[in-house]
Amino acid sequence: MLIVKVVKPLVSTNRIPDFEHKHLQVVLDGSTKKVAVDAVGAKPGDWVICVSSSAAREAAGSKSYPSDLTIVGIIDHWKPDPPKTSAPSPSPSSSKPAGGKAS
Amino acid sequence: MLIVKVVKPLVSTNRIPDFEHKHLQVVLDGSTKKVAVDAVGAKPGDWVICVSSSAAREAAGSKSYPSDLTIVGIIDHWKPDPPKTSAPSPSPSSSKPAGGKAS
Amino acid sequence: MLIVKVVKPLVSTNRIPDFEHKHLQVVLDGSTKKVAVDAVGAKPGDWVICVSSSAAREAAGSKSYPSDLTIVGIIDHWKPDPPKTSAPSPSPSSSKPAGGKAS
Amino acid sequence: MLIVKVVKPLVSTNRIPDFEHKHLQVVLDGSTKKVAVDAVGAKPGDWVICVSSSAAREAAGSKSYPSDLTIVGIIDHWKPDPPKTSAPSPSPSSSKPAGGKAS
Amino acid sequence: MLIVKVVKPLVSTNRIPDFEHKHLQVVLDGSTKKVAVDAVGAKPGDWVICVSSSAAREAAGSKSYPSDLTIVGIIDHWKPDPPKTSAPSPSPSSSKPAGGKAS
């Protein structure tokens, strides 16, 4: 599964009916924006787990659902790696990962 | 799902009969051109959502349809990221997506 | 689907029997050589459409055919993008894309 | 299958119920962190084999399990390649690959 | 299908039972090491064809076999491309591709 960040909901009025009422979210996978079906109710800024491949279909609700990327969990605490292409910033310490209870 | 831009229809006279009458579109995924089956009637210049993997088959109409990339929705409003490799141009406002008739 | 160029047939005497009599072609996907099952009778130099993922199986003839990349159509006219890593050549005008009849 | 290194367990309290009680592990695939379902009981620091694609579902227990990356084996001995982007270190000899019994 | 080079067998004592008795091989895909199930009896140094995606399962023997990469053929003669990142060597002529009989 991928670890991605939720950016914002995506609006697509003209789309196939198979998507039904489910929410689509723009997510950031590294530096690439993709679209994921939201199965957990994520909010912009959340770090989430996305399942891809054929498993994304059933994770979105049924074997015939047309998803190739589905948000299946919100990560309790996540500290992203610093960007690879820029110089390391001197003070990235504002992010405070803390222990969470394991499920 | 991928966020790609429709470039133009693709003409392939010698192709397998399984594609039936459906339209094929050349799309731009980042800097790579790919071919997608069009399930929504997109036009050149449109920013669209493409589903890949096994879900592309049913999104194109049936479980046995031979697609691995299907256009499933037109994004209402999309502002692409500036190109990563070139210097930012001072006036990106010259881009005018216009409607074209699909074949 | 991918847009690739056919390089040459591939010879593999010791291979699983499931490939049957179908031809295998070496194709160039960007700068990477891959092998595709040929379902349309392509020739070296042809620009073709390749379907990947699970759809490649049925495109090659049946649901149990062990292909993950199948040539499903020959593109009537294709003008490849200039290579990204080299300096742009001053005269790329020898390639003349022309209109073709849509199927 | 991919060869990846286990980093640590992942905590996601809000996740779809289909994951059941199985453990999720953060793994390092090259320089990218991903999440895998653990089917063998791996520990942080282990080098493991991960199966992706649709095979990850059955490897995790059943055809309907929503995994696209499942840890299916712990490698007895593995000596990773030196990082590609840094200068080669003069003394990488602390890693001692030893023979193991083949299964 | 991918064109990869066999490096060596992989030893994983603690693995899921679904792999049965089949051999696992470390293969080199470009500069990345992966693991493939061997369905043809390849030897280290062989250039082979690997099928990925869902087709890797049936190529390994059955629809429920947990493989996403299976060696399905040994290439009779293969001359790899020179490495892209290093300077071209002046004498790569020791490799002699020769014609083979097509199957």
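Labels for the chains are A, B, C, D and E, by order of writing; each one numbers its residues from 1.
In the analysis below, a residue touches a chain if its C-beta (ideal position, glycine included) is under 8 Å from a C-beta of that chain, and two chains touch if they have at least 3 such contacts.
All of these numbers come straight from a predicted model, not from anything done at the bench.
Under the contact definition stated at the top, no chain borders both chain B and chain C. With angles rounded to a multiple of 5, the C-alpha fit of chain A against chain E returns 145 degrees of rotation.
Centre to centre, using the average C-alpha position, chain C and chain D are separated by 33 Å. Chain A and chain B have Cα centroids separated by 22 Å. Computed centre separation for the pair chain D/chain E is 21 angstrom, with centres defined by C-alpha atoms. Multi-chain contact residues of chain B (touching two or more other chains) are listed as 52-54, 56. All the chains close into one ring, and from chain D toward chain E their sequence is D, E, C, B, A.
Residue ranges of chain C in contact with chain B, taken from their complex: 1-3, 30, 39-41, 49, 51-56, 58-59, 63, 70, 72-77, 81, 84, 100-103.
By the touch criterion stated above, chain E contacts chain D in their complex at residues 9-16, 18-19, 24, 26, 31-36, 52-54, 56-57, 64-69.
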